[in-house]
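Letters A, B, C and D name the chains as they come in the text, with residue numbers starting at 1 for each one.
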């Protein structure tokens, strides 16, 4: 074969080989292995769709059952290493090289396999980086994706959990790759076309619906007084002061507490309409009371959340929905929105060092990054002003020409000084550095770098790092909110007091907050059942969160 | 817009029974300031056995007993703290309740109220706990025979499990909320012993359909259904005081007939929803989501769930 | 179980006349605090039983901060700890002092 | 002793005691009158159906009147652990069974528990422990939970628990420990006729619940009696 169409011809040959196991585009679950063995070639770059929420699990099982003599040395380029099969294929020799982003539940196993040399690691990315590389140097030869339903022509309805699918398909289908979609059912007509059929080569009718993890559900019943106190401080000391309207929240209990305090505590402060109106956020069940109370104008989502679909459908003024009424999420667009269009990211972490670097890596786990660093970073490509962004910029600028000042995104870490089992959140050195040495990573897995962090909120107070002018001030500001951890007890008390005079360290009393007022009665909902009531019965929580 | 049951911004929160501590429940249940504790925490009558297991003790051993007034009526009260050792019966814990019931025989209060919140017997003191439960059951029947109503209130996070479930079954009247569970073997115990096919303890909806407050009320295992507020439990307890059945042969014969009939009618049912359907509930699947008002309406339409056969 | 005991001198007696109060429960990550007005007006003792060994310095710091802040003169404070974090201990102590000030 | 041996020793002149599906019911001549026997045999778990039938037997005795004592002979498993039993309200059935025994006793039918095998948890509380007085036979093995299970729940090593069990009757399984707790009043002599021994037990029936006193005297429950007595002394209306 000569000329400029070799990739196209190779693609046609793969599809031809696959057709032997399909009726048109449709493949039964029983034929998945045969199909994959027909279309895959050794050394292929493969995207097996999966992230922190939905999983192409039927195709993952199929891939793990392929004959390693026929399918081997694959280069996996995918968002999530979440299912056991995602790692089984490396043990079996089906896959060899890996570029990925998130590995939450498999964090321990992936660390062991990296250490043991069973995985040849390219890099651990953020979501946006990996998506970007799909279009530059990690373009998949084959994409294995998941949707709710498809018709016989391959027109795909992804359902509310659209997530990564359009990005993956875009990169694969338009660069001579083959796209296989698993769907829960084949229908005559899909509710809406999320992916046109000419981009889908095969449709597998899966043996069971694809798995979705309810990762963004936080039970208000488990919320503590300490988390409520931190939420009160964040609202009064950061949201109100900077007038934050456009924002993204992490998945921790501290931020969920903020969501539940909007219709109560923040309402009493007269902040309605002034803060937290526009969101890049998954449909957190804990946001329901704020939505129902008229706090929220608009929410764009990375994915959906188990049990929220009916509620979202009935709240199309707030969420992005299709003509069919169901949520349209999109991870790539929402990450971009979080990076460029939001003035604040606030999230939790496991470790913060004396400079303010933070990481969710512990000694034996590589959890990956997901999207937090995309949101939790100051985008140097931003060129539109907002009051929040400009105020933060002014606080950060110590010297230089004010006319050339640019704004700053607020990147806030909200942590309790001690985590589970009395493990301190403040450390001399991040475990991530030791782990990087141990498994030979060129780049230590830091979640949010110190130069991006603007504030740290703990139960002891708020440290405003924008206002720190020296490394020493920064260290003492961090020690000044590190509570009774060793780091906290090692503070220079006099200096912390001086930082307090300058508003760099602020205690609850400096903000007019009485810690004893931090009570669960402030929460707009105290249980999952309360959230169901708030939603008018539209929220349908997963079984493990019910107690009725 | 849909019905808004909870709107703290407008109404303020009522104290949740489920969330409240045992002391807070007593405070809200009784007339303000009327509670007189016996063997208070300052006496430090703690478990003599837990130190052996290197476990922390509580000043009241998780059982608070004393006297007070309920709408002016003299009552004795016992409350279990479900968060301390799962509210389980240990030696001191059980003996305080035994003592209270014996005291009632002489004091003749208008009622004894037992605020259950227990996983059953405290394993570290298992023999003492189990024996105390037997003593409690004997004392309750003696008290009931003497005409003193014993009213159980069940809506705490630990439920009324194990021997706690048996004591509950001995009371004159039971008030339960949606969150309250009454059962002998817990879901995890059944799953550990008989496998997840028999009982998947992580299926929380199944747990509640099998032993939760609504199910117990529907099959007549509890006499009143209360909202999850201290105020609602107070009102329900008041309502039940005057309606306690006698403890005599007629009552137990009626209970025998009631329980035999339950076996005949529902003995082949696999799920709570099947039982509710046979009771005449039109939409059994909708029961778990019903509000208190809607559930009360449903109960009234069924009629047969209220009885004196206990 | 580890037993700890601290004795402090305060600048004044804690306000209020309540003889005794109890707050919190012994549960995982929680603690109960019993406060009794039983000592001389500028004395305060804190006795602790905790299942988590080796945190004596942290307890000392938490108690010292509490005494400096609340001036709980006259109080005998006894704690049954269920493995609470220092911030929770601090919160319960403040809650207890407030109950006694009524 | 086996149930057959027990019954033979109780009723040398014959009896009508039968066992069906592990449930024991019947009676025999006793001191010129009758002694009713109910019970559970063969390490059988007690579920809703069994508890209901046993309660019916007890109510039959009460309904017949007279003063026939009731012997509750127990060699059971724990309560039956199943979804169906809990769905149907096992707690009510077990409590009902206990109440019938307590009622019978109050109506002049002295109730005597006899544990000759295993019993545990809810089944034990609803039967043997719901009698006026409980006696045991050597070899009986009442327990709340076996030590390996206790080890699992308490996360303590089994060998340490076994060592602790030797001098801590309050948590360890076994007849001796239940005797020291006061739950079991006495252990009978299997080599002597049971009829006379049971008669002696009935003749010496305590008027009140004296299990906590026995627990103190025998060291198995050091503080229960004093705590209960203090509550009785101090409870009052202000």
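Rule of thumb we're sticking to: a residue touches a chain if its C-beta (ideal position, glycine included) is under 8 Å from a C-beta of that chain, and two chains touch if they have at least 3 such contacts.
The shown structure was predicted, so the numbers you read here are calculated from the model rather than taken from an experiment.
The central chain here, found by comparing per-chain C-alpha centres with the mean of all protein C-alpha atoms, is B. A straight line joining the Cα centres of subunit A and subunit C is 41 Å long.
Note: centroid distance subunit B to subunit C, computed from Cα atoms, is 33 Å.
The distance from the centre of subunit A to the centre of subunit B, with each centre set as the mean of the Cα atoms, comes to 43 Å. Distance between chain centres (mean CA atoms), subunit C to subunit D: 46 Å. Shared contact sites, meaning residues of subunit B that touch two or more other chains, are absent.
Among the residues of subunit C, those in touch with two or more other chains are 83.
Pairwise, the chains that touch each other are A-B, A-C, B-C, B-D. On the subunit B side of its complex with subunit A, the touching residues are 1-6, 8-9, 13, 16, 18-19, 178-179, 202-208, 212, 214, 288-289, 291. Subunit C contributes residues 52, 55, 57-58, 61-62, 83, 85-88, 91, 94-95, 98 to its touches with subunit A in the complex. Subunit D meets subunit B in the complex at residues 48-49, 52, 55-56, 59, 62-63, 79, 81-96, 98-100, 102-103, 106-107, 121-122, 124-126, 129-130, 143-145, 150, 153-154, 156, 164, 168-173, 177-178, 181-183, 209, 211-212, 215, 220-225, 227-232, 234-238. Put simply, subunit A touches subunit C in their complex at residues 224-226, 416-418, 422, 459-460, 483-484, 489, 515-516. Touching subunit B in their complex are the following residues of subunit A: 221, 263-264, 267, 292-293, 520-521, 523-527, 529-530, 532-538, 543-548.
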